[in-house]
Amino acid sequence: MNVTAARYTAASLAERFGLRLHGDGDPAITGVGTLASATAGQLSFLANQRYRGQLATTTASVVVVGEDDVVHCPVTALVAADPYVAFARIAALFESKPAHIPGIHPTAAVAGDAVVATSASIGPHASIGARSCIGAGAVIGPGCVIGEDCVVGADSELVARVTLVTRVRLGQRVLIHPGAVIGADGFGIAMDHGHWIKVPQLGGVRVGDDCEIGANTTIDRGALGDTVLEEDVRLDNQIQIGHNVRIGAHTAMAGCSAVAGSASIGRHCLVGGGAGILGHLEVCDRVVITAMTLVTHSIREPGEYSSGTPLMDNRSWRKSAARFKQLDSLARRINAGDKE
Amino acid sequence: MNVTAARYTAASLAERFGLRLHGDGDPAITGVGTLASATAGQLSFLANQRYRGQLATTTASVVVVGEDDVVHCPVTALVAADPYVAFARIAALFESKPAHIPGIHPTAAVAGDAVVATSASIGPHASIGARSCIGAGAVIGPGCVIGEDCVVGADSELVARVTLVTRVRLGQRVLIHPGAVIGADGFGIAMDHGHWIKVPQLGGVRVGDDCEIGANTTIDRGALGDTVLEEDVRLDNQIQIGHNVRIGAHTAMAGCSAVAGSASIGRHCLVGGGAGILGHLEVCDRVVITAMTLVTHSIREPGEYSSGTPLMDNRSWRKSAARFKQLDSLARRINAGDKE
Amino acid sequence: MNVTAARYTAASLAERFGLRLHGDGDPAITGVGTLASATAGQLSFLANQRYRGQLATTTASVVVVGEDDVVHCPVTALVAADPYVAFARIAALFESKPAHIPGIHPTAAVAGDAVVATSASIGPHASIGARSCIGAGAVIGPGCVIGEDCVVGADSELVARVTLVTRVRLGQRVLIHPGAVIGADGFGIAMDHGHWIKVPQLGGVRVGDDCEIGANTTIDRGALGDTVLEEDVRLDNQIQIGHNVRIGAHTAMAGCSAVAGSASIGRHCLVGGGAGILGHLEVCDRVVITAMTLVTHSIREPGEYSSGTPLMDNRSWRKSAARFKQLDSLARRINAGDKE
């Protein structure tokens, strides 16, 4: 873990973040760690009850806990309404980020009619296409490719090797991880006398303020009109977003999930890892989709939705799987039996 | 959406593409849009009956429709046997593509014994390895890496940050989107006394004419012999193709689908998003695999195939899932009951 | 397939790899091929019984077989306890690898305080960040981005366009394929009054000796502490490994599988393609997960585990799927019937 010279007393953290200090003493904190690994001088937290058993033996100097756990905390506690949120804010004090020097690296290739803010940082081997604009304080990391007619909003960061293909407009404070590809052609093909012809993809992509897009995630541009991420959408790694999809504000999607073309996802949704959402569907606000679920029709009521079968040992699973093929016939026999 | 100076009358489009003009007047068209968003001077289309309800209120000047819908079209119609195909051809008239200047960008690194056609365009920060050949009119976009012994056919385009690792031969008019990796080592390992040893991957990859390969898709090279895509194969984003797979002509695969090593897929197949096909299988021509289906055995009859369970609210799903584990025992009891 | 000037007699291969030569003659071998395609002068192998039918008609000069198949081999045989392992070793003799010239390519960008061994090779358009170290004989291919505070062990190879984001330490002889992203931010977010806040990702990634990481695979760095791959872990393409995951030595994962944050996978496990493992779980040693299975709880017994339903024609599947939704009600009726 990264160590910096940062040093804060527990009392100063309590005051800074509106937490209640519990216990004797006011230890100085110089870093953060897990309940199991934190050492003297470090702060930890308990947010997932799965780890509650580790509280009694922690060697952290301070633990951020909820009200219910404070009595079990053997060391100084900082009591928070939401310990995970409080920990996130504290941990940010101990984060060391690479320094980004404003200016254009001499190996970068910037089109003559691109516009780069003087406070922006353009890294080695980046290229920026015609008519694209890079906003104030933005960071374009090593090996990024920005195509034509793109906009990167102020204070956004493309970490490294990110591609914005064409007509991609990012809001402010957007963070995109390496390998992500935004604005590639949507998958539009039409069968014409035995051969595919390509349907032109004339739209773009709009990404709202404060979105985060994971490594190797792909977001295609619209066929007509734009693919849209509203503000504060959080996408993990290796997610696939088809053309003309719309994702509502504050929705979070876990790794390897996918949304097919022209589907519309609501606000404050949570999509589990590996889940798939078919095209042209609508999912309303505040829907939770569990991992590896396939959404095959629109969802109009908030709530949690699933598909799939439970984990089993393979021998038992084979028996259930074989019976699954007989389900209709079995059900007919039950129905027939009931009628007798 | 991108706007160009293109302008066509409805009658000229009808003549150019063999469509029937229906209705009064002959509006001039300067762009395209969806039924819901197109404005005066724009052309739209109706191909998916899901959007039929939008026809009556469209503000497009012209709509491409099928014969059945022409009576419901409130504006000038262009009547097509396949409205989606006709729209694709018309929309292409309004597409503005980046200009690719022939020649090698000064930041590119080209091996001394690579051969680059004078009409090819090699972008910034591209590298081309020993003995590779780039055909006439081909475009190697920014940040692409072409390894050794590769061939890029005439008029093919690697949009940006595409990697051809080694022994990859692309036909003509192949289009590859950013982040795709073609020709990496197949996943060949053998367990030898508790450690893995690597099985050399001595083959290559052959990609036929007119194929399209999506963003961040990976196609491994063969262990012995080649991995093969026949002509006009269309792969969406984040698809994984294992070593020695063969995919038949005109087959299309949706995002996040995968084919394991040495499987053979027929011609004119459609593979849904997130579907998986196990290794060493054969799938015949004209097979449709629905989304997130796992193909565990060869398919010898054309048709549509599926696996999985339907979408349910989580509470109901939990009950069904618990019963799935009991299926064999339930079936035995039905069978026993029938015998009584 | 790549042809080199290598030439070995069957007897010399038998001696070199401890195999038994069976049959008349001692043919000279200049290459390798499949049973179906190998020609005179080539060596093939039979390891997968699926291909046994091809043995009788092979035109290979020599075939590596197990003891049981030697009587059926129509040509000279090399008899091995494990034919696949023996073949892998022999095939390596015929592999031609690109030459990597030690030194730093003039287009590479190396931070002033990075350390590069003189025997390492840094390719075109690579960049290496502050305080990173590249070991002896290591190869950093074209377009790779190494961030800050990374270590690449001796004789490791990053083929091309690999990203090590920050605090990534690779052991010796690690092989990473193009597009892989190691050490990106883990997906740590906390909901705070309707907005997401980011949880700092302060840890790193440790990759043991002899690991292999596939194309476009992503491995996030730890939130606190490190994400860990022990030695000899083999990851195929497009795998997603969340923050703080630990994967035991000699475990192999097939393409498109995924492990969510803080899960711990044992040693000598095999994870099938597209399988998913939820976060904070433990999977013990020597577990096999079949393709596209979702692991929803910890596994404490070695063995094979599965979920999902079998492949069916779509019409039959629709009937079974509809009945799956009724399963609890059907089971209740069976139970009620039994009680009558």
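Structural remarks
By written order: A, B and C. Residues from 1 in each chain.
Keep in mind that, in the parts below, a contact is a pair of C-beta atoms (placed from the backbone, for glycine too) under 8 Å apart; a residue touches a chain by one contact, two chains touch by 3 or more.
What you see is a predicted model; the values in this text were computed from it and never measured.
Least-squares overlay of CA atoms from chain B onto chain C yields a rotation of 120° to the nearest 5.
Under half of the residue numbers at the interface between copies chain A and chain C are found on both sides, making the touching surfaces mostly different. For this pair, chain A with chain C, the centres built from the Cα atoms lie 25 Å apart. Chain contacts: chain C has residues 107, 125, 143, 161, 179, 216, 238, 256, 274, 292, 308-310, 312, 322, 324, 326-327, 330, 334, 337 touching two or more partner chains. Residues 1-2, 32-34, 37, 48, 50, 82, 84-85, 87-89, 91-92, 94-95, 98, 105, 107, 123-125, 141-143, 159-161, 175, 177-179, 210, 212, 214-216, 232, 234, 236-238, 250, 252, 254-256, 268, 273-274, 291-292, 308-315, 317-318, 321-322, 324-328, 330-331, 334, 337-338 of chain B are the ones touching chain A in the complex. Those residues of chain A lying in contact with chain B across their complex are 107, 109, 125, 127, 129-130, 143, 145, 147-149, 161, 163, 165-167, 179, 181, 184-185, 187-192, 194-200, 202-204, 216, 218, 220, 222, 224-226, 238, 240, 242, 256, 258, 260, 274, 276, 278, 280, 288, 290, 292-297, 299, 303-310, 312, 316, 319-320, 322-324, 326-327, 330, 333-334, 337.
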